[in-house]
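Next come two complexes, and both contain subunit A; in the first it sits with subunit B, in the second with subunit C.
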Partner chain A sequence: MNDFAIEARGLRKSFKGHSALNGLDLRVPTGSIFGFLGRNGAGKTSTIKILMGALKSDGGEVSVFGEPISVASNMVGIRRRIGFVTEDKELYPYMTVEQVIRFTRPFFPKWRDDLAKRYLSRFELPPGRKIPDLSKGMRSKLMLLLAISHRAELLILDEPTDGLDPLAVEDVLREIVSLAAAEGTTVFFSSHQLTEVERIADRIAIIDRGRAIVSGSLDDLKARYQRLHVVFQEVLRAPVQWVQGAEHVRQEGRSISILASGNLQALAEQARSLPGASVEVFPVTLKEIFLDHVREGN
Partner chain B sequence: MLFRVNQSSGVPLYLQLTGQVKHAIETGALHPGEQLPTIRKVAEDLVMNPNTVARAYRELEHEGIIEVKHGSGAFVSQSAAGPTKVLRKAQAVVQTAIERLASFGLTDEEIRRLIENELALLRTEKSREE
Partner chain C sequence: MLVMKAWLEIRWRLLFTLIFVAGPMYFAGRSSAEETTRMLDVVSLTWLFCAVYLAGSGIRTQSPFRTTKGLHGSTLFTLSLPVTRLRLLAVRAGFGLLAVVAIIAFSSAAAWILFPLVRAGSTPADFLRWLLTTACCAAGFHAMSVLVSTVLDEMWQIYASFAAIFGLKWLTSKFPPPPSLDVFRVMTTGSPLLTHAVPWPAVSVCLCLAGILFLLAARVVETNEY
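Right, the complex of A and B next:
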């Protein structure tokens, strides 16, 4: 068993002179639920397409289950162990749910009919309904069903809860968590829904302009970052030279908001030592970490 | 067995969970020797990462509050009554402190923020020592 289900090093991809991926590094530990975050156009979908083998990178290396995907003979074996949940409108436009299942089955030696049956009823998917007539939530659940039935070790999802109603969101998230808990399935998913990522991911990476600008364990990140709020009696005349750890400083009138990365004690002491300052410490949400890193650019 | 966690509170989820289990033992919702729900069940019910649940269970095991029997599951320790005495003492301290703070005219929100502030500073101090 490899330590990492996915490993990417220096991944590059350009489209018509515009570079979508600019040396992306990624390490997804086996058994983790990994949230892949970034603005639109930051490179998330390109990365997933490369992992699917639908796009060739211009540089860098990617290994899945420890095997380089650049070696074509590896891809067949690798693809059998992965389940994809992406919004792909070209997929099976004339088939019914039942036909999709029957069509998919022979490609996967580990296929379990009993699981397909169980999840067909659990997800309440109408077997005779054509794919274009399914709601987005049902399409996502169908793809999950396929991944579960062929015992995928790695689940790659592209914005799995986008456009889903709250009930469907809960269902999808619960299935992801259940798979991770019961089978140790590694989950790699891109998302805009930061509160959802915060709930289920144990590791994250934030991609901006084609590079990973933040990555690591979510617990560590939230322990590392705190918000320091300093309010002065009057507007400061001279800017403060903050000690190390003041990552993003925003001043508005008599208030200064600091996103502190480590060294909180020293920063708080420095803040308190300033004349007329009152200091408060707040925990930081994933959304704040994301916005602060992506808004100002690095 | 119903646990609840608040994703938007600043307190790490695994700590919220350990707190919930301890509270359940304290109030008798969980008895010494009783089996806890599986990691999988808690993760599914709360829709949270199973590793976070596992971490909470590990912490509780480390503190001697639960015992993990390989293959059978996690059980509340027979000696789990111990922590309750400490918690009762702690509750008295908090009660006195809050009464005093309230007598200063502070609102609930102000008191809560003061306490969270101190905890945050204490946490970072601790991690600096480690």
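Right, the complex of A and C next:
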């Protein structure tokens, strides 16, 4: 078994001169739940489309399950092992739920009817209903059912909870976590919902302008990043040259907020040494890490 | 299962084209040779329109009732299936062609039965030769529409293919090719019903053209990005 379900090195893709991916490096360990974050247009969907073979990269190397996707003959075998939920959750408008399931089943030798039936009932999907008559939440659940029922080794989910009501979000997240835990399925998902990512992901990558700007285990990142909040009695007249570890510094009036990535002790001591400064240290959320990095990049 | 998808995409179109082809036969007069010839002229043209209308690439999702503008979201789902793009194309194009042949067989049989003047002077073997000829000619136009469907939205695919049929008909009327190569003539006034022989030059040209256009479509589909 490969250590990495997905490995991308120096991935590049341009559309009419606009660079969507600009040397993206990505490593998704097998068995992990990997959150893929970025603003709109950061390159998330382009990456996913390249992984699925819908787009061709302009440069770089990508392998899935250790097999390079640039070799066309690998793609059929690779896709047989992947479950995919598309961004807009669209399926064939002329099929019913039951027909879509019947259509998809023969493509996957490991398909399990019992799983499909179980999820059909758990997700409360009406088998006879046409796809256009389903809500977006129902379509998301149906796509998840199709992805899960063939016992995919890798789930690629493009914003799986987008447009879902809180109850449906809860259902979908629970299924993702239980699949990863029970079957060892690798889950690679993009999302804008940072609280959801923080709840279920064990690893993340934040991409901006087609490059990974933060990547790693979520626990490591949260241990590494801390926020220092420094309040002064008066507004600082001269800018401070902070020691190494201050990732992003934001000053508002008498207070300075520092996102620190390591060297916290030295930073806190430097802050305390400034005249009239009171210093507090806070743990940071994924949202803060994301916002600070993406804002800085822009 | 790709056949099931193709059938669900095509079934209402098939019904619509059947009505479209049956119309000229229903309204045509049956007493004179001129009326029968005119009917055959119109029906053979409707076969070509059917060949164009029933074509698809198998990758771009088609709606059964209306033309789809842009790429439907389900295209990405289709591409995520563990099948090659060539297979998606071949199954859809093959099924479309089968539907075209079915329509031609059904309507030409109807013309044979309903119009005594079509039967007059020809044998059942001539009828089969006529069927073979028209099916091969339609295959050329079908392959053209398949190729266009790989690059254009469905609405433009149909417009462009219809324009190509009219353009070619106009061209052959202005600059007549050798009679044995005139695809419009070999389906009507020069058909095996009258000549009692398969027009092999026109049939061969249409089949070769269909093969070349299909290979081109396969190449386009392999290199396209979605």
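Of note:
Just so it is clear, the second predicted complex is superposed on the first by the 293 of 298 C-alpha atoms of A that agree within 3 Å, B and C clash if a C-alpha of one lies under 4 Å from a C-alpha of the other, contacts with A are read in each partner's own complex, and residues count from 1 in each chain.
Here, contacts are C-beta pairs under 8 Å (C-beta built on N, C-alpha and C of every residue); 3 or more make two chains touch, one makes a residue touch a chain.
Everything quoted here is computed from the prediction, not taken from an experiment.
In the three-chain model built by superposing on subunit A, subunit B and subunit C fit together without any clash. In the superposed model, A:Ile200 lies in contact with subunit B only, and not with subunit C. When the two structures are aligned on the shared chain, A:Met95 is found in touch with subunit C, with no touch to subunit B.
Contact with subunit C, but none with subunit B, is seen for A:Phe108 once the two complexes are overlaid on the shared chain.
After overlaying the two complexes on the shared chain, residue contacts for A:Val235 are found with neither subunit B nor subunit C.
Of the two partner chains, neither subunit B nor subunit C is touched by A:Val71. Figure note: vertex subunit A, arms to subunit B and subunit C, all at CA centres after fitting on chain A; angle 150 degrees, rounded to a multiple of 10. Of the two partner chains placed by superposition, only subunit B is touched by A:Thr285; subunit C is not. Between subunit B and subunit C, the minimal CA-CA distance in the chain A superposition rounds to 27 Å.
Shared contact residues on subunit A (touching subunit B in one structure, subunit C in the other): none found. Against subunit C, the residues of subunit A that register as touching in their complex are 49, 52-56, 72, 75-77, 79-80, 82, 84, 86-95, 99, 102-108, 143.
Residues of subunit B touching subunit A in their complex: 7-12, 14, 39-40, 43-44, 47-53, 55, 113, 116-117, 120-121, 123-125, 127-128. Across the complex, subunit C meets subunit A through its residues 1, 4-5, 8-9, 61, 63-64, 72-74, 76-77, 79-84, 222, 225-226. Per the touch definition, subunit A reaches subunit B in the complex via residues 31-33, 170, 173-174, 177-178, 180-182, 195, 198-202, 219, 222-223, 226, 264-265, 268, 280-285.
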